[in-house]
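This report concerns only the one structure given below.
Naming follows writing order (A, B, C, D and E), and every chain is counted from residue 1.
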Amino acid sequence: MTDGNNHPVLIIGGGISGIVCALELYRLGVPVTLIEKEASLGGLAARFCCKASEACNKCFACVVDKKLKEISEQSQISQYTSTEITGVAGGPGNYKVSLTKAGKVSELAAAAIVVAAGVDPYEASGKGEYGYGVIKNVVTARDLGEMLRFQGQIYRPSDGKLPQNIAFIQCVGSRDESIGNLYCSQVCCAYALRLIRAIRHKYPEVNATFLYMDIQPAGASFHDFLNACREDQGIRFIRSLPSRVYHSPVTEDLRVRLADPERGEVVEEPFDMVVLSVGMVLNKEAKTLANLLGLGLNEEGFLASPAPGKGIFVTGACAGPKDIDRSITHAKSTAASVHNFLQGR
Amino acid sequence: MKSGSNLEKVFVNGHFAVTAELGPPKNNDVSVIQRKVDFLRGYVDAVNVTDNQTAIVRMSSIATSAFVIQMGMEPVMQMVTRDRNRIAMQSDLFGATALGIKNIVCLTGDHHTFGNQVNAKNVHDLDSVQLINMVKTMRDEKTLMGGEEKIEGDVNMFIGGAANPFADPFEFRALRTAKKAAAGVDFIQTQCIYDMERFKEWMKMIRDLGVHEKVHIMAGITPLKSAGMARYMAKNVAGITIPDAIIDRMAKAAKGSEEGIKICVEQIQEVREIEGVHGVHIMAIEWEQMISKITEMAGLLPRPKVE
Amino acid sequence: MSTFEPKIVAFCCEQSGLPALEMAKTLKLKMPDNLELVPVPCSGRIETLYLLKALESGADGVVVFACYEENCQYLQGNVRLKSRVGYAKQIMTKIGLEGERLEIFHVATNSGVKFSEFLMQKADQLRLLGPNLGKIA
Amino acid sequence: MYRTVYKSKTAAPAPINLKPEVLIMGGGIVGMTVARELAREGVQVVIAEKGETLGGGARDLHFFYDRPADVQKWMGDLISTLEGEGNIHVLKGAKLKRLDGQLGRFQALVRTSDGMERTLSPSAVVVATGCITRPAEAMSDGSRCIGSSEMEKLLAESRDLPLTWKGQPVKTVTFILDLTNDDIKIHTVNAIKQAVILREKGCQVAVVARDLKVSASGIELLYRQAREKGVLFFKYDEPPVVSHTGDGISVEISDMTVLRKEERETVSLLSDLVIIGETFAADPETLELCRVMKLRAGTGGVLMEDNPQFLRVMSNRRGIFLAGGCRFPQVITESLSEAHAVVQEVKALLRGGVYTPVNPVAEVDPPKCAVCYTCVRLCPHAAIGVERYGDRNIYSAPAEKNGDTLWGAARVDPAACFGCGICVAECPARAITLYQ
Amino acid sequence: MIKAEQKPFEEILEYLAPYNKILLSGCGACVTVCHAGGEKEGALLASALRMARQKIGKPLEILESTPARQCEPEFAQELSDTIGRVQAILSVSCGVGVQTLARHFPATQIFPGVNTTFLGETVAHGVWEERCQACGDCILEKTAGICPIARCAKQLLNGPCGGSSNGKCEIKRETDCAWQLIYDRSKSLGQLHRLTEIIPAKQWGVQSRDSGPRRIVREDLKV
C-alpha cells in the first residue's frame, strides 16, 4: 500500500499502550511520532502505587514507570505533549493530520495511525447512593492509590487519621445496567485485593471488608494470592453490593447499608472509610477522536477496531477493558500488525 | 563337642535352651554380680555377660564371666569389635578359655556415640562376621589370624552371634545370618521379638536356606516394664518394631509390669512352636529377678542336667 | 561531642532503588545527610564482601534497596541477596556488630516515599545505636 | 573496593549474526499463528509438533464465544495456509532431545516419530506447547457426567437436530464450575457459550458457579443474553453434591438467594447431563522441555515464574520466547494476542540480522577459575557453561592473545548474558568481572 | 575433592591475639570449590578479623594473597617476600597447605583457618558428603561402587548392622545406610549373590593410615 515513503506512524495517546507501541515500532526501525493531550506522558497507569506486600503482587505499576523512563531516553521518537489531533485527510499510507498544540496548528504526514486513547476511571459521583464527592471519607481506589504513591500513607480525608475499618465496594460503574455499562472492567477485583494486602502489610491493625459480586481472576499466581487473602484474618469477604452509604456530618464516620449473609439480614455497618473500586470507561475525548477517524464503538462502548486495510489501528484499554499486563501484550501485537501493514501485507 | 559347655550340651541333647542376660556393674563391685547370679542360678542354662552395652563403660565381660564361673553359673561372654583390634581380641580369647569360659557371642556392638564416651576413637578392625571366623579358625585350625603361627593347646569356644530380623533390608537379613553360619557360628540369639509375623517370616527364610540345621536359633525376648518403655523403644531404638497392639495392651493394663510378663510368656510359648527355634534368650534388662517367674510361668523349669 | 551523624552506605539496585531515589528527589523528600549511594545493576551483584567492606571502611549502617521478590528482572537477584545478607549477619554477630547495621529494604520503581521514609528511620535508629566501633576510619 | 562494580572494557563485545531461522515448539493455534506471521517476513520456520496432527488444544473446540465462525473451519484454513507456505516446515511426532549453544548458535536436536534425528540451528526458539486437560474425577465413572469438550462435540454433531447423548434425548443440562482451576476463565466462558446454544435447542439449562468469571471481553453481554434466554444461574460457597438417581443426575446446592444462612434449603437440579470442566494441568512434557532447554518453571508446573518484568512472552534465556497455554491457560483471543506479541519480539530480535549485547557482560578470568560450577548453577539465564576441551573451546586467556593456551574454565556467552552480576558475587575465586 | 569448613571465628581470634600483622593466604583449588578458603571467603574472614580487632582497639593488619594451590613448592615460594613482612600466617587452605607453608617457612608461626574434614562429593550446590577415607587399598569393586569404610559409621565389610532402618543409619538419621545403598545397587546390577560371600578382614597394614604416614614415589618421574 505505501509507496515506500518514509512517513512516520502517528500514535495518539501517551499512556502505557501508546508508549509500548512506540517503543516496539522503533525497535522495528519504523519512524514514530507520539502525541499526548495531557502535559506529561504516562496516562492513567503512571499514577498507580506499588501494591506489594511481603512479595510483589504483580500489579505491573513499576513496569509502567520503566517504560516511561525507556521512552524518555529515546530521542529518535518524536514526542509532543499537550497536543491534540484536530483534522485528518488523505488515505491509508499517507494521512495528512493537523495537530494543535497551545492554539498552534501544524501539519504532519503519517503512514498509519494508532489510537491508544486509553480510558478514564468511571466518574464515581454517577452513583449518587454512594455519595462520592459529597461524603468526605468516600474515596475511589484511584485516590487511595495516589495517597499511597505520593504521600506513602493512607488517611481519612475528613480528619487525617488512619482509618481502622475500610469497606471496599466492587463493581462501581461496571456490570451495571442502570448506567448502561454492560461489561466487567476485569481489573478492579485484582487491584482492590492488592491494595488491601499492601495496606494491611503496612498497617496490620487496619481491617478491610471486601464487598463483591464475583471475584475475577488475574494472572498465573492469582490462585495463591486469593487463598492468602482468604486466610488473612483482617479481610472479610461479603458477597453483596451495598445499597447506600450514610455519613454523620459531625464525625464524618460512615454507615454502609448491605445484606450480610452471616447475620442473615440487611444491616447498616459502621466504617471509617469507604473505597469505591471504580471500573473504566472510554476516555471522554476518544468519542470525538472516533468521529474524526471514522471509528465506531463496539457493543461495550469501546472503540471498535477498523477494517484492516485502512491503516488505522486501535490498541490498549480503549479497545476494551484490559489490565496493564495485557495492554502491553496488545500494544506489542498491534506494533506487529502495523509493521505488516507498512510492508504492504 | 565344640567346647563342651553346658549350653552346647543342652542343644546337643535336643533340649529347649534358655539363656538370660546380665549387665556388669558400672564399677568393680562384685556383689552386684553375685546378686544377679543368685536371681538366675538354676533358672537358665547360661547367662550372657554384656561387653560395655550401648557403649556405656562397665566392668569388662571377661572379668565378670570369670566371677560368674566362680559363682557356679555358666557365662556366655559377649565380645564387641568396637573397642578392640584383632591383637587384643585374640589375646582375650586365650585368657577367656584359660579362665574356663566356653561360650562367646561375637557382636559389632553399639556405636560409641550412643554411650558415655562420645569422643572415643572407635576401632572396628573386624566386624562380627570376621570375628566369628577368627574364633572358629583359632578353635578348629589352631592358628592365629594370618595363618602362620600354630597354637599349642585348645582354644575351644561355643561360638554365638546376633541377628536382627526386624532391621532393613528385610530380604537380606536371613542371607546375612547364613553368612554368619558359613563363617562358623554355632548358635544365634535374635533381637527382642514383638512383631511375631515378621519373625515367623524370617524363620521361614532361615529354614529355606537350611541354616536352622547348621545353627541353633534362640529367639530374643524382652519383657516390657511399662507402656512408656514400649513407646520409648519403638521410637528411639532403631531396628526394633513394636506393633501398636502390644503398646495398646500395655497402656490399657492396670499394672504395666504384670501385663509385660504375661506378654513375654505368651511370646515364649508361641516361639517354641516355630520349627527351627531351639531356645529362647530372655533379656530382662535390670529386671533379672523376674527371670525365675517368667521361666516358671512359661514351663521351662526345671532346667535339664546334661553330661 | 557533636551530634553523631551516622554514615549510611545504600546499595541501590538500578531497577528499583535508583528510580525510587530519583522519585524521592523529584518529590524533594528529606534524606539523611551522611549518605553514600552505590548503584548496582541488580541487588544480586552485591557480594557478601561488599557488605562487610562497607562497614569496615567507615559505614555505620549498610542498607540494600532491592526489588520485591518475584519482581526481579534477573529472577534470582534478590533471592541470592537474602542468603548473602543472612551470612553477613552471622559474621557480624561474631564480630559483635549489631544486626540492625545491615538491612534489606524492598522497593519498586514507584516507592519514592517509602525510600526516603526508611532511610530517615534508619538514620534515627543508627543515631541511637552509636558509631560502628569496627570501622577503620 | 566495593565502589568498582563495573570495569570499563575498551573492545565492545563482538556482534552475533542471526540467520532468519526460528524453531517453534508446539503446533497448536498459537504455534501456527506465530509460524504464519514469521513466514510472511521471510523467516525460515520449523514447527516441532509432538502429535501427528496440527491444532493442539483447539481440536476440541467448535464454537467461538465472541464471533459466529466455526473453530474447526478457522483452524482448517490456518493449517492450509501453513501447508501452502514454502518457509514453513512441519515436523510431526517431534521431540526436542537436546538444545545446546546460545542465541545465534543454538543447536536443537529433534527426533521425529519416524526415527529421524535432525540438528537444527535456529536463531530463536518459541515455546507454544499449550496445556493439557485431564478429566475431573467426577467424570471417571462415565455416567451422565461429561467434560465441556465432550459437550462441544455433541453440540457440533447435532447442529440442528435435537440433542441426544448415548441414544437418549437430552432435555435438561447443568454446568458445574469452579470445582478445580478456580483461577481460569475458560470453563465459565465455555459454559455460558454452550448454555446459550443449548437454550436455542430448547433444553432447560442451569449454571452453578462459585464466582462467575466474566472478565473477558464480550462475556458480560453473553451472560446477559443467556439470562434473557432463560438460563438459570446459581452461586455456591460449599461445592454442590452430585448424586446419580435412576433416570438422571441431580445436583444439590443451597439456595443463596435466601439471606439467612440457616433458612436456606437445598435446591436439587435434576438433569440428564452434568458438565464439569476438565482440570487444566501442566503438561509433563513441558516440565521435561524446561529441563532440556534450561528454562525456569513456575508454580504448578507452568513455564516461567509469574514475574511482571518478563511481560508474559519473554523467558529467562535470550532468544527463547513463550506464548499461550504453556504459560497460563487462557481464552483463544488472549493466547493469540500473546502469539502476535511473540512475533513482534522475534521480528525485533532478528531485524538487521545481528545482535550486539547492550547490557554489561560478565567475563571469567580463566587462570583463576577453579571450575567449581557455582556460576553455571546459579546463572538465572543459563548463560555460563564449561566448554572443556571441545573444538569450540577457543577461549584463550585474554592476556596472551596467541590463542594456543586453552583453559578448562567457565565461559560466559556474551549473547546470553543479561549483566546482572549474580555470578560475579557468588564466584568463590572472585574470578568473574562485569565489563560495561 | 578435599572439603573443609571455616574454623569458629572466636578460635581464630584467640590465637591471632598476640600478633598485629599477618598474612592471610587462601588456596585456589579444593577450598575454593567448597567455598571455605578461596579468595572470596579469605577476604571475608580478613575483613571480619580487621573489624573485630578494631573494635577492641588492637588493629590487625592483614595482607591477603591466594595462590592457585598451596600444596606446591613453587606457589609457596611465591609468598616468600611477603612472609618476611609479617609476624604470622593464617592459612585458610586445607591441612596440606598449612603444613607446606610450615615446612617452607620454619621461622614463621602458622595457624589453620579451616578444619579440613573429608574427601567428598557435591550432592547439591552447597551440600557435600563424605565419600573416601584414603585407606590406600580400595575395595569398591566388592561393594558395587559404594565404600562402607568411608560411609558406614562402623566401617563394616559384611553389613548392614542391626541398626539400619528404612535406609537410614541409626547414628545419623539423615545419613543413608551405606549397606542399604550397596544392597540396592547390587540388586539393580544383578550381583546380589556377591554379597553372600564373606569379605575377609581388611588388611590395614597394606597402605592404610594405620601402617604409618605414607609416601608415594615414582622413580621414573624423579628429577
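The criterion applied here is as follows: a contact is a pair of C-beta atoms (placed from the backbone, for glycine too) under 8 Å apart; a residue touches a chain by one contact, two chains touch by 3 or more.
Being a predicted model, the structure only gives us computed values, none of them experimental.
Chains that touch both chain A and chain E are the following: C, D.
Graph distance from chain A to chain B, where chains that touch are one step apart, equals 3. Of all chains shown, D has the CA centroid lying nearest to the centroid of every protein CA atom.
Centroid distances from chain D, each centroid being the mean of CA atoms, peak for B. Farthest from chain E, judged by the mean position of CA atoms in each chain, is A. Averaged Cα coordinates give chain B a centre that lies 65 Å from the centre of chain D.
Each chain gets one centre point, the mean of its Cα atoms, and the points for chain B and chain C are 66 Å apart. With centres taken as mean Cα positions, chain D sits 27 Å from chain A. Inter-chain spacing, taken between the CA centroids of chain A and chain C, is 34 Å.
Looking at chain B, one finds that none of its residues touch two or more other chains. Under the contact definition stated at the top, the residues of chain A that touch 2 or more other chains are 56, 58, 62, 221. With touch defined as above, residues shared between interfaces to two or more other chains in chain D number as follows: 306-309, 378, 430.
Pairs of chains meeting the touch criterion are A-C, A-D, B-E, C-D, C-E, D-E. Residue ranges on chain E touching chain D, taken from their complex, read 28-29, 32-33, 35, 38-41, 43, 66, 68, 122, 125. Of all residues in chain C, only 47-49, 52-53, 55-56, 91, 94-97, 133-136 touch chain E in the complex they form. Residue ranges of chain E in contact with chain B, taken from their complex: 153-167, 170-171, 177, 180, 183-184, 195-196, 198, 200-201, 204. Residues 48-50, 52, 54-56, 58, 61-62, 65-66, 69, 149-153, 221 of chain A are the ones touching chain C in the complex. For chain C in complex with chain A, the touching residues are 15-16, 19, 27, 67-71, 106-111, 113-114, 117.
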